[in-house]
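Quick heads-up: structures coming right below.
After this come two complexes, each holding chain A, first together with chain B and then together with chain C.
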Partner chain A sequence: MSEIRLEDKLGGAWRKPHFIKRPLLRWGLMAGFAAYLVAAFMTIEVDWGRVYEGLDRGAAFVLAFTSPDFVSRASDIWEGLFESIVMTVAASVVGILISIPIGLGAARNIAPLPVYVVCRGIVAVSRALQEIIVAILLVAIFGFGPLAGFLTLSFATIGFLSNLLAEDIEAMDRVQAEAIKASGARWTQWINYGVQPQVMPRLVGLSMYRIDINFRESAILGLVGAGGIGATLNTAFDRYEYDTAAAILILIIGIVMALEYLSGIIRARVQ
Partner chain B sequence: MPVFDQNGTQVWRRRTGRESLVRWFGWLLGVAVFVYCWQIISASTTWFFVWDAPRIANDIWTRATPPRWEYITQLGRPIWDTLNIATLGTLIALCLAVPVAFLAARNTTPSALFIRPIALLIIVSTRSINSLIWALLLIAIIGPGVFAGVIAIAIRSIGFCAKLLYEAIEEIDQTQVEAITATGASRWQVMAYGIVPQILPAFAGIAVFRWDINIRESTVLGLVGAGGIGLQLSASLSVLAWPQVSLILIVILVAVVVSEWVSAKVRGAII
Partner chain C sequence: MLQLKKLTKTYKTGDQALKAIDLEVPKGQVLALIGPSGAGKSTMIRCINRLVEPSSGEVLLDGVDLARLGSGALRKARREMGMIFQEYALVERLTVMENVLSGRLGFVGFWRSFLRKYPQPDVDEAFRLLDRVGLLHMADKRADELSGGQRQRVGICRALIQNPKLLLVDEPTASLDPKTSRQIMRLITELCRERGLAAIINIHDVALAQMFVPRVVGLRFGEIVFDGPPTGLTPEKLTEKYGEEDWEATIEKIDEEDEDIEAAE
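Moving on, here comes the complex of A and B:
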């Protein structure tokens, strides 16, 4: 069939093939998308006068990055940042420790069906609920402060890490695990010597990545009263203290970059 | 392989003595850091509230059930706004991310010494700050509303999309590019016919993946005043209208699940 097509095409000019091959689907998608865009633009109200007024403040904010003010609110910044880091560390440790058994339970090839269903359910709930919404509920239940933030981040870590760990276990090499089992190992030994060495490098990499995410998330939990640098940042924005806000943002970016660099080194070492 | 003599018989161990000592100290240090972090969290927690938490949780649950179903008539417009924020934000982000990705990829950047670091800085700084923080900032600059949400989502997504895209560009098959170059194509023709077809599937996948994440993020942007269903959530929370809160949470959950399903379907069709 393709040869006939080639014969037909010989002599004619070459045309670039389309990304979506079925013309009806292609035009339908394009028309639908255009209609959606028109509808979306019609319903968005933009107060251009307000935007124009805001340009000065935008420029002031960009300029603030050239002269960030670390000093005048130094104690607030350090307190918030320290609390963020503490929350990140504690939540990552607890989250990783809890997500390992749940990850084992959520892997179909090593867990029995009832355990699998329960663990998958936990993972699904944790992944579907957003950090900030969980934080709102936990603040309402446990009161303001870093405990709510710590619990939120731990909960989010479980969904993220268990899911990826379970996928990794499901994709592991059965042969090694069976060899350990054939030597008469107990279940714990089987996990420790047959499964764990296969998934460890990826687990370490994912954990580092999750620590990175947890720090970034801890920066916003303060907005709803769950502790961390977010409260300081919110206050700085509310008072239009752009130089302080710029200083906080620079610190966040710096720490995230440092964490990424560190996780790159650690991942390269374990793999 | 570490083997030890024990009463004349040789016993296999997993690690040498030195290795296990180093590991033991590593664990000790980790536990010490964790305990320290936990003490700080514990010190700034009002434990009375925590002991009271089950009662409070139960109280909130009884207030929040059953959800106030008739309130859903007022949620149509916020959901439409949320969808617009996510979709338009993703579109703007993709338009901005493509040039940044081409400038950041080692094989297409015009200058590895000057332009590439700038592109990487854009990627890292937009990626490491959460969209809620961008929204806070934009609300201070251009005023509350859907527009601020769109821009916040767009800025947050630039780094994410550009990072994944430039990694895809760096992994392209160089022979195709050479073949196009050999026909005498200009720089732009090489891009359009040698590079773009190779990254188009990755691009479409990234776009849909980010759209899915943006739907999640745009549901909570309203908490800081940037439009969408989060506005209704924060309004209901501040008047303690728990039946409305539970309905909004259900709607958000459905939106997240549907967007995840759509994104999985589209990505499955592309790849």
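Moving on, here comes the complex of A and C:
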């Protein structure tokens, strides 16, 4: 290796070294990616005639938003909405309560290995199964209605919240927790004083976010018969009642925005 | 009162942090443990209350070998040892009062601590300690609102409310400015004298150690290389043990500063 000398460097240009050093490999990868992208787009078939016909229907749908009909199916809408809210609240509360112990168990820095493996397994299963698939299965078991939806959302909440809670616990300041342990605290007190204060803001923030997600999901789950406002929405589409569908969508958007606003306030308060 | 016998710690990585340490600390004695980073100071005091598990050897507190205790007995033994941490280690989102009272966790049941309903004598003692360190007016502030020096004084209260026999103090003045460092060291040594507490104070600042303690133990690469009164630690001795450095300069500078403050007081 020759020595690096200042005189050689002075006056010369400086450029950040490339991430991939070998030029052939670098250009090869870029060209390959571009070729793949072009090829991928070429495989998408578009029937322009069909799109032209569909534009009318699309326009009717969009125009319906200018005259949403809250009235003629009012009782169906309120019933569906009420069911969705009940599902959301119940599933969120149950899901969050179950997530906390599983989240503690899934954090490597506080759980012994066997507990960790079991809890991580639960989290992995819950995250691997998409809500719709779980809902279809649960509808098959429990029949149509909000019970299946409630169970689906609880199950999904566990995977989401335990995982993120465990990650936050793993990232906590170890010394603060150590100081509590050094005082002779028992395990439960150690969690309550050393761990909980550190992860509480994130737990509250994530819970609010999950309530938001659960409400939106409840609108989807109706499509597979798991109850809630989604069922009402599905019926409206089936009957080509776009004005009623528009009314439902506006309500969903309104509620999601209100939840978003609320979670913003709460998160700012618990910091 | 505290006796270490052949205390050894070997980390999983193979690093031998402590090599058969023998040390005896009589009741009420405050000693400073000096040595550069990586000498094993932190490991040694953490082996005493078993935040770090010793590999072999004995840790005798009033004749009981702490290294052999089961988890229940260990919790009881930890109540006898207050610990003061580098960077304070207060639980930042709890209030000052909660942090101080957390020193009583070993003595109260879960529900009492969960509901923050501590026995009246504990609450009174917490107020008394906060008043002693001049932070009574901060009791309901959140710990992360305090300055560095204030946080360390809360840390001292948290250790003292355990009513321990022994204080384990890990670099109490790291990340504090020189003046605050001296105030904290003075406070710790004063409180130990008032209460007849023994203490092991880890400190890398030799000059600061010499100002406040009657006994200095020097650690290097996990072995004790000096044990005696601070007057025995001449610059020549230090150089011999820890290598060349301008010991005189640091010592003198601090002495002068301190005299200025003493004069001003």
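In this text, the second predicted complex is superposed on the first by the 224 of 271 C-alpha atoms of A that agree within 3 Å, B and C clash if a C-alpha of one lies under 4 Å from a C-alpha of the other, contacts with A are read in each partner's own complex, and residues count from 1 in each chain.
As a convention for this text, a residue touches a chain if its C-beta (ideal position, glycine included) is under 8 Å from a C-beta of that chain, and two chains touch if they have at least 3 such contacts.
Computed from a prediction, not measured in an experiment: that's the story for all the values here.
**Q** Now for A:Leu24: first (chain B), second (chain C), both, or neither, which partner does it touch?
**A** Neither partner.
**Q** Determine, under the contact definition given at the top, whether A:Met200 touches first (chain B), second (chain C), both, or neither.
**A** After superposing on A, A:Met200 lies in contact with chain C but is clear of chain B.
**Q** Of the partners chain B and chain C, which touch A:Glu178 in the superposed model: first, second, both, neither?
**A** Second partner only, chain C.
**Q** So which one touches more of the residues on chain A, chain B or chain C?
**A** On the superposition, B touches more of the residues of chain A.
**Q** Of the two partner chains, chain B (first) and chain C (second), which one does A:Gln189 touch, if any: first, second, both, or neither?
**A** In the superposition, A:Gln189 contacts chain C only.
**Q** Once the structures are superposed on A, label A:Leu113 by its partner contacts, choosing first (chain B), second (chain C), both or neither.
**A** Neither partner.
**Q** Across the complex, what residues on chain C touch chain A?
**A** 49, 51, 75-79, 81-83, 85-87, 89-94, 98, 102-107, 110, 113-114, 155, 158, 162, 168
**Q** What part of chain A is in contact with chain C in the complex they form?
**A** 173, 175-176, 178-186, 188-190, 192-194, 197-198, 200-201
**Q** Tell me, which parts of chain A touch chain B in their complex?
**A** By the definition above, chain A touches chain B via 16, 19, 36, 40, 43-47, 50-51, 54-55, 57-58, 61, 83, 86-87, 89-90, 93, 128-130, 132-133, 136-137, 140-143, 145-147, 150, 216-217, 219-220, 223-224, 227, 230, 233-234, 237-238, 240, 245, 249, 252-253, 256-257, 260.
**Q** Looking at the complex, which residues from chain B come into contact with chain A?
**A** So the residues of chain B in touch with chain A come to 30, 33-34, 37-38, 40-42, 44-46, 49-50, 53, 56-57, 60, 80-81, 84, 87-88, 124-125, 127-130, 132-133, 136-137, 140-143, 145-147, 150, 193, 200, 204, 216-217, 219-220, 223-224, 233, 237, 249, 252-253, 256-257.
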